[in-house]
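What follows is a pair of complexes built around chain A, which joins chain B in one and chain C in the other.
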Partner chain A sequence: MSFDDDAYGALTDHDDDSRWAYGTGFADPMAGVPTAVPDDVDRADLAAYCLMLGDDVLVMSHRLQQWVTRAPELEDELALANIGLDLLGQARLLLTRAGEAEGAGRDEDALAYLRDPAGFRNVRLAERADADFAYLLARLLVFSCWRLPLLDRLVASRDPVLAAIGAKGVKEVTYHREYAAQWVVRLGDGTDLSHRRMQAAIDAVLPTAGELFRPHEVESRLAAAGVAVDPAALRPEFDEAITQVLDAATLSAPAGGEVSGGEMAGRAGRGRDGIHGPELTEILAEMQELARALPGGVW
Partner chain B sequence: MTAAEVVATVTDPELPMVTLADLGIVREVRETADGVVVAITPTYSGCPAMETIRDDIVAALWQAGFGRADVRTQLSPAWTTDWISETGRAKLAAAGIAPPGAAPRRSAGPVPLVLAPRTESVACPQCGNARTEQISAFSATACRELRRCPSCREPFEHMKEI
Partner chain C sequence: MTEEIRHEWPLFEVFVRAKRGLNHVHVGSLRAADPEMALHHARDLYTRRNEGVSIWVVRSDDVVSSGPEDKDAFFAPSGDKVYRHPTFYSIPDSVPHI
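And now, the complex of A and B:
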């Protein structure tokens, strides 16, 4: 059948089981990307690691899109939606890679829509609800200042897919970090009110950043194998960027020593181990509702 | 027409004035016994146009009589705006979108954090005025930023360098 004969029919009959525009054949974001895993790399560890990095950006992306229609200016809704979209794209690649490495037949949709909160491995920072716009900016700043050096080091991963995801992500997150940093400076070095609220957000978010730098055993094993990034190594670069922003914003790091914060997140349980707050349950209830109500539904 | 020529004529769904060849996202077009294999590089990880682009390539090859097409993603090396052709840049400018300058060169060490709005001199595509200012680093799509020209007072989009 050609499109000229029956355009509508061609949309549905073009291939046996695929639907034009949402076909199973070409919706996979990694269609055709070589899927081999280096021989000496533990597949279960690689799957777990990709899930950690993928869940970080899937959950963060969902929080960002919740700001659409709520941001202070139209331009910022566009910015937050675009940043969320970048992160969602990164999540699709990482979850697809996690499913491949796991080898149990789970694709990106199964991983995103059909896991319970305890199955998620994102850092707690990603799931936190934003009290206000300043809180979102503090969270996006901390997230991006950690994520950028992580992606930059991932470029050297022995897993070619992670290396490619890192190379692509660096370019994108460079813009995200600039967006957050420039807003933090604008509010911190703004009016008395904006300064006070930006400082309150930094005081609330920065002390929870400790979890970002404490390696999970999977991260340690894979870092030793040259596949993953040891998050502890990211701290100096993170501290330097945060200090640069806080200084320009006339803001101060919360009392209690290092800018990247201490043990608060540790005491509350770690997202990397599947320990989450009620906030993640709320996110998943919203994100998974349709997929759970209509399993396998297509449109 | 060869399969490569067919693929080269497919236009971008968001920027229909430029072709995939202009954008520099086509890595390979190979005719095999089982059909045509096409490799494309995503522009941004989350760019929703990528799926439409894949569909459009399949449809264009189908209509040109090539039968089955397999469109594959090639992640590495990552796409850069430096791959946009001179023709592509001229078409963007003619449509009122300031084309990207040279992509930033990374030196060794951490990615530098720029706190002031980027100051690259982006000329106004409307009146040619060399000095314009940024309104927002993100526009209707992730690949473009919003700027304005203080001379002709018109806002315009600029494709960001990556």
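And now, the complex of A and C:
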């Protein structure tokens, strides 16, 4: 559009006549991204890795949507639903990629709805039930502070699909982290009661964060191949972000060392190896019930 | 539960600008404990469908408005001043918002 014959149009980027109330300019983050798996990348490893990352966000998303109708305020309910939907969108792309890499004809639905708990590779942090709103916020903060640098590094992955998923996810999780951080600060630096409950949540959640940084052998192999992110490398950024939030919130890291220390998750068995608590079984019973009762059902 | 916790959050008015070059438009209101939370809530409530590129929030208490009793003195006098309208110019079709 030339500036000479329509100065106003040039000013407003007005390329259609739709009304603002339903925004336009939606873009498919995967448009133009080649889906072929690079020749030298091990397909089984890539499938396993996409399953790990996909299960993290699928399960976390389900936990978030369980807050809908239970959040303390309507506005926060919608915020949590938005965050859950962001993560569900990431899960769809990751599970789809896992199915493509696997090459056995399983699509995102087959992977989400027709696997048993032992087939899930999510970190245990994602499946934990939230005792209260503070616990959810602690979990969301820890999850986002770990996930953001992970996605940021994934942008450089040699798998073009993972790189695109990383680029899309960075913008989303940046907001999730900001949302969680603001609430943790608000409650931590709030009343005596809110401070006490926020501290209790941090004390419960932070010691379980150790699992996030211990590489699975698939992650190690793919990281060496320039495809995956080595989770151990995320620790300094995680510690820095968490420390900054806790300081602002007048909260303290649980006694006994660094903020992302904690080997509790190690003793309990690792989600990356398919070892989960009864919490995941409950989630899947709810999530998969309909799909299993009506195989192939569409509505 | 104490009275302190029971009280309601203050009301904020939300303005969203759809595109570069257009005005911020009032889209609604929401409750929030502080301005930062209001901005977050506005983002989550009013820009989910790609509506905006910029948000303003302002405490409803801080909005000064005209009252119904001002209607005649404020607005009626402009009703018969036709010469204030730029009706003697032709507007190009390509200028949609004026």
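What we mean here is this: the second predicted complex is superposed on the first by the 266 of 299 C-alpha atoms of A that agree within 3 Å, B and C clash if a C-alpha of one lies under 4 Å from a C-alpha of the other, contacts with A are read in each partner's own complex, and residues count from 1 in each chain.
Keep in mind that, in the parts below, contacts are C-beta pairs under 8 Å (C-beta built on N, C-alpha and C of every residue); 3 or more make two chains touch, one makes a residue touch a chain.
Just so it is clear, the model here is predicted, and its values are computed rather than measured.
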*Taking the superposition as given, does A:P149 touch the first partner, chain B, the second, chain C, both, or neither?*
first
*Have a look at where A:L162 lands relative to chain B and chain C in the superposition and call it first, second, both or neither.*
neither
*Examine A:T191 and indicate which partner it touches, taking first as chain B and second as chain C; both and neither are also allowed.*
second
_Applying the document's definition of touch, where does A:A31 land relative to chain B and chain C: first, second, both, or neither?_
first
*Could you tell me if A:L137 is touching chain B, chain C, both of them or neither one (first, second, both, neither)?*
neither
*With the two structures laid over each other on chain A, which partner does A:Q182 touch: chain B (first), chain C (second), both, or neither?*
both
*Examine A:L280 and indicate which partner it touches, taking first as chain B and second as chain C; both and neither are also allowed.*
neither
*Common interface positions of chain A, toward chain B and toward chain C*: 14, 20-21, 23, 26, 75-76, 78-79, 82, 175, 178-179, 182
*Of all residues in chain A, those that touch chain B in their complex*: 2-4, 14, 20-21, 23, 26-27, 29-33, 75-76, 78-79, 82-90, 92-93, 148-149, 152, 160-161, 163-165, 167-172, 174-175, 177-179, 181-182, 185, 237, 240-241, 244-245, 248
*In the complex of these two chains, what residues of chain A are touching chain C?*
5-6, 8-9, 11-14, 20-26, 73, 75-76, 78-79, 82, 175, 178-179, 182, 186, 191, 193
_Residue numbers on chain C that touch chain A, as the complex places them_ = 4-5, 9, 18-22, 25, 30-34, 36-37, 40-41, 43-45, 47-52, 94-97
_Touching residues of chain B toward chain A in the complex: what are they?_
39, 42, 44-48, 50-52, 54-55, 58-59, 62-63, 70-80, 110-111, 113-117, 135-142, 146, 160, 162
